[in-house]
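Structure provided below as structure tokens; questions to follow.
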Amino acid sequence: MAASTFQETTSTATAGSGRNLVVVDNLVMHFPLTQGIIFQRQVGAVRAVDGISFFVEKGETLGLVGESGCGKSTTGRALLQLYEPTGGSVRFDGTELTTLKGESLRKMRRRMQMIFQDPYASLNPRMTVGDIIGEPIEVHHLAAGRKKQDRVQELLKVVGLNPYFTNRYPHEFSGGQRQRIGVARALAVEPDFIVCDEPISALDVSIRAQIVNLLEELQGKFNLTYLFIAHDLSVVRHISDRVAVMYLGKIVELADRKELYDHPLHPYTQALLSAVPIPDPKIEAKRRRIILTGDVPSPVNPPSGCRFHTRCWKAQKICSEVDPEFIEHSARHWAACHFPG
Amino acid sequence: MGRFILRRLLQGIPTLFGVTLISFALWRFSPGDPVSRLVFGAQNVTAEEIAALRHFYGLDQSLPEQYLSWLGRIAHLDFGQSFLYHRPVTDMIMSALPNTLQLALVSLTIALVIGIPLGVIAARSRGSFIDQVVRVFGVAGHAIPSFWFGYLFILVFAVQFGLFPVGGMLTIGKSELDVADRLRHLVGPAIALSLAGIANYSRLMRTETLDILGQDFIRAAQAKGLRPRTVLYVHALRNALLPIITALGGLLAVLVSGSLVIEQVFAWPGMGRMIYEAAVSKDYPIVMAAVFISGFLLVISYIARDIAYGVADPRVRR
Amino acid sequence: MATAEATAPAFTLTQATNASLWANAWYRLKKDRLTIAAAVMLLTFVVLALLADVLAQNLFHKSYTDQDLLNNYEKPTLADPAYWFGGDEIGRSQIVRLLYGARVSLAVGFGAAFINLTLGILVGLSMGYFRGWFDDLMQFVVTTLNAIPGLYLLLIVAVFFGPSPVALVLILGSLNWPGNALYVRGQTLSLRERDFVTAARVIGVNSATIMFRHILRNVLPLVFIVSAIDVGQIILTESALSFLGLGIQQPLPSWGNMLTHAAQDLSRGPWLVWAPGAAIFVTVLCLYLVGDGLRDALDPRLKES
Amino acid sequence: MGSFRSYYAGVKFLAVFALLALVIGACSPSAAPQTSAGTPVAGGRVIVGSFADAKVLNPILNNDVPSQDVLNRLYESLVQTDTKTGQPMPRLAEKFDASPDGKTFTFTLRDGLVWSDGTPFSGDDFKFTVQATMRSKATTRKSNFQDIVGATDYGSGKATDIAGIVINGKTITVNFAKASCPALVNMGTFRILPKSVFGKYLDANDATKNLDNAPENTSPPPVAMGAFVFKEWKPNDHITLVRNDKFFLGKPLLDEWVYKIVPDGNALAAAEKTGEVDYVTVEPPYLEDLKKQSNLSFFSYLSPGYTFIGWNELHSGNEFFQDKNVRQALTYGLDMQQVIDKIYLGEGKKMVAHTPPISWAYNAAGLNTYNFDAAKAEQLIQASGYTKGADGIYQKGGQKLEFDLWTHPDNPTRVTLQQVAVEQYKKIGVNAIPKQEAFPALVDRLTKSKDAKYGDQGGHDFGAVIIGWSLTDDPDAYSIWHSSQAAGGLDFIGYKNPAVDKALEDGRTLCGTDQRKAAYQNFDKQLNDDQPYNFGFAGNTLLFVNKRVQGLAPGSFGLRGFTDLQKWWIQQ
């Protein structure tokens, strides 16, 4: 029911099947820039996320890709209500999150978790592994005492760590092991949905596959839904069911994985794809690489019209004047471009 | 730059306002009042005289009136007249402030000149006997209560050896411009006042230098053929500059309000003694003016500090 | 007066993550004999202060108020334990008064530092964590308090409350916290942006728990070090206040008021000066050395070369 | 420091610096006469060390000792009490006379008196000073003059002249509306301002004009009547005066008289040793050390004043202070002589009544000496029906002999006395609880606070207090002991005794020497028996002067250390 009302008023990208777990509609996240000490006045805003809409279906993995600073991490965090969004709505399993406060929000947190990019920074150096993984269990009163201990050990086993490590501190582990601890902490509350914020970018290349495999394995085991954030398309290719591409606070293209990789519509997606190396040396040799010129514009003062026009080789006059609509060009394939294809 | 300074000055106004309000409230609500002190012990004082005195000092007004009329006068830079001394507060501050500044600047210089090398020396030989000696020595002066240090200095250097005068700023009868005599009088109080600085700066420099020593550019600089000591001092100093400036910002204001104990022991006619005497006598025009001025100087010193920050570290500049 | 401004430690925690904090610290500390010696000395003073009653009753057989006016200014003598350090102007035992003075001075020092610490942490954490108007307001309060000459505040407040030890603890404890608060605030501002804090929020940990379990735990070791030096400063400040007649009042002894009194009586009882002077000196020095030593030990940047 | 504070605090207690005629004072035996070495020569400078700076150099506004020290060098008075004998001596007036009814005073000026700038000195200067005082809004000195006929009318602007002061050539006649024997001292020793300088600040027809804010108050004009003329004032550092060649007692030998501020007691003693200052008065702790210095002369003399313990008779819970037996017991039970001997090195005298032993009005005959007697103290307490409780403290009807004993911590002397008193009283079964409070707060407690029960009768919120008086040279003690002073005045212990009132009134109205002496003897006998205070002791002034300074003649009264300043000279 909710989905249908959306259809009338907002972008079609929020309309999925009835199995949607997360529906994001016109989400806006601006960070104000202020001046003055006692009497602060706003002098502008960092428009980190500037009106995006998408849905995540139950059990799927949605990849969210974009350059650093394009707002993808902000999207993930705003979605989890770590920031108070400036505008728009986020529905989780039918519940509007942006208006939730206090205890009810805290209850919802049990169902949504996050895995962080930097496994060194995301674990409190002053807490033991047992405390770190035990904390969510304790906070949500899932178990206590001996049972909590058992649960922690079980979780360590699940993520492939020795269950007897509970008394150790994070610094005694390697990067990969730490990321497993982070995963265990996320799993501790038995969530439905996990935002994976570039969970492997900070890891050694040799371990990345292990973590991706672990995540995939857990998804199957616990019926998890992922929003998988990454800064290049090669990473999400393996794990994603669908992929969204972000540029400067906007989603410019969203499609099923195969569709997006095979038929990218937006020039920016094409440029990103061109940078992905292809394992076949013959194809790789012929591959045309699109080199983007210029810097990413400032999110404080984004370009008029299509935000990509300053770097786009296809740009026409209209691109700098009219912001292209995000429309469904083919089934479940949305893009925002005046000259798609 | 001009706009930056102006903006910061304007931001200081609420602070100054708060400072004066707190001081006024403390002064008024603490027990004792100037008139009853004046009258107590003077025999046969009449009730009319007491009433006249209250009126003369403006104490017959309501508290808000007193505060507002003080604020009104401040707007014209009129600090009023001292209860105790019957003279304009501005004159009194103008006679005490230069003395305090003179002492403060000299002691600050001593603290920097001794404290910085001590810190670097300690760090260079970290863990060694020298380090431990310097660590103890750097702090030792500060660990002695300052009045006791003053007494020892006087007993040994003034009474026993006659090297320095016991106190005061000038030998009676000597010219104001007699620099040698002035310096002789400065030695004791300036050293006593610099002890805290020596302790702080030597500790600060030691930490900074240890940090530098762990970094690669020292080796790089050495590879370029620079003398290790030069490299160390230049780099350590540069890195320590920001924390030292931070420390100086607050310190200057502290020094300006005077070090009562040292001024007391060495008979130095500075701000500390003036504020102290005014505070115990409840001579509020002096206290309020002194608090206002030291608050103002603090605001100024913070601005100066921020400017110095910009010069020392381009990243901070906006 | 003490210039507490300059004592803020010059390093931050952001890089401290990788070190096994206490284990490494202890390893480093063991090698720093000066710090160990200072710590042992401090501990001795604390133990002696705690044993003041026992020693006074069983060894010296005098209370700190027992007078012997006829035999005042007793010179130090080995014959009577009570006069090992001599007697004062009304014939009280100097050594007994020193023991009780240790109790008072240390209690004032640690008590006031504890209040400074608590206030500094509470305010600083809240400022850094909540930011916004609360931070602005407290910034204003802190700047304003800093802008009033501390001496003047002390004078007025001391006149206000009278010079009892409890009042003194409250006064000194409520005047020095702004420095601690600003320091904790700075640390909190940087820590609250760290991922482990975000992770805690994702889990649904409430603000208070985040502040105290996640952030405070990371700030605390450094704040303790600042506080060690704070204790020393407060003991010195008490002696300066005694010098001005506003410190701990007789008959209760504090090292500060004993020294002040003795210093005014230098020609009649010179021996009265050295013990309290030395007690203050050694204690403050040791507190500094322990503070600095701990900081060295905890600072991950100071690698063994 | 403590010494500074004690001195400083003492300043507050300073009563008027009166110097009356008729004083038959005795100088303390330890004041050694100075042996003059060599022939006096002109030139040189003497540096006087002081704990505190002068505040205001105008006798009308002055309230403190340091200012008085400097003022007395600049300005002169009609009469002056003799330092050693305490007798009234001619000063600017070569003759003076008081009528037996205490209402008319006549002064005859010397010939040829001139100010340092050559202006002649006349009775107009005196009259002007009285006028200026009456018109001032910032003075506490009106009591010296307000009973002069027409003075208050002049002050309020109802009259354009003071009718009671008549000047006839060299003769000044002052008529009082009511008898006031102490007026001769209070008025006669008042320092006279030059009308030629200050006259412009007064307007006979405009009572709002006064010299309260005259710049000359802090920067005196180079017009002096005293031995020295103002030169410069560096606040909190020093004040320099230079010789007045026209001084009426002869040109001073010294070129300069410098008042140097050294606020710390230890530093001041050190400065005296090194010769940075020539002249200091010190607290007992520095006595032994300075006595050993061969370059210093030592003078010791009793000053009019004493340190006492006051028992507040109007304090709820401490009603036992209304019981004479208890008060006497508290005097017997504290060995004051031992305190003087051990702590003040004998430099003081035990007091058993108000009038200073050096005063002409003092008579030891018939006064109980209250020699220390703990047994007697307990007997007295028991005689009043008190019994010793299990805690060793006497009690009656549930009320224990227990009270708060206040003093101010900035005076170590008083704190020490407090500690001793607490211990010794404990031994006679009385529990004194030591309490200390900063001086301004204590003043409020003594004068402004209200006791819950006796507040409307003038009762204040303290049990007992250790504090001190500095007294005028005249024995008049009306403002401290008259029952009219219990509410709001200096009788803050609420002592009321009609016989004492009568004696004090006689002392003010019956101006004959014998009559006054009898009155004050009566007064002392009453106080001696009543013991409303433990009268404590009077401490000596301990004066050290560098031996290069010659020609000194210090004593208890009048100009004290600065007598005959024109005769001082520096040995080369």
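Quick notes
The first chain written gets the first letter, and so on, giving A, B, C and D; residue counts start at 1 in each chain.
Everything below uses one rule, namely that contacts are C-beta pairs under 8 Å (C-beta built on N, C-alpha and C of every residue); 3 or more make two chains touch, one makes a residue touch a chain.
Bear in mind that the values here come from a model prediction, so they are computed numbers and not experimental data.
For the pairs B-D and A-C, the larger set of C-beta contacts lies at B-D. Relative to the whole-protein C-alpha centroid, the nearest chain centroid is that of B. Mean C-alpha position of chain B lies 38 Å from that of chain D.
Note: centroid distance chain A to chain B, computed from Cα atoms, is 55 Å.
As a whole-number value, the distance joining the C-alpha centres of chain A and chain C reads 49 Å. Chain C and chain D have centres, each the mean of its CA atoms, that are 45 Å apart.
In chain C, the residues touching two or more other chains are 140, 159, 243-244, 260, 263, 266.
Chain contacts: chain A has residues 37-38 touching two or more partner chains.
Multi-chain contact residues, meaning those touching two or more other chains, occur in chain D at positions 1, 266, 438, 440-441.
Within the complex formed with chain D, the chain B residues making contact are 30-33, 36-46, 48-49, 52-53, 55-56, 81, 84-87, 92, 95-96, 147, 150-151, 154-155, 158-159, 162, 165-173, 264-267, 269-270, 273-274, 280-282. Interface of chain C with chain D (complex): residues 65-67, 69-70, 72, 89-90, 158-159, 162-163, 243-246, 249-251, 260-261, 263-268. Across the complex, chain A is touched by residues 16-21, 136, 139-140, 194-196, 198-206, 209, 213-214, 217-218 of chain C.
Residues 1-3, 5, 265-266, 283, 285-286, 288-289, 335, 338-339, 342-343, 408-412, 415-416, 418-420, 422-423, 434, 436-438, 440-441 of chain D are the ones that touch chain C when the two sit in their complex.
Across the interface of their complex, chain C is touched by residues 37-38, 40, 77, 80, 82, 106-107, 109-110, 112-114, 116-118, 120-127, 135-136, 139-140, 169, 171-172, 182, 185-186, 189 of chain A.
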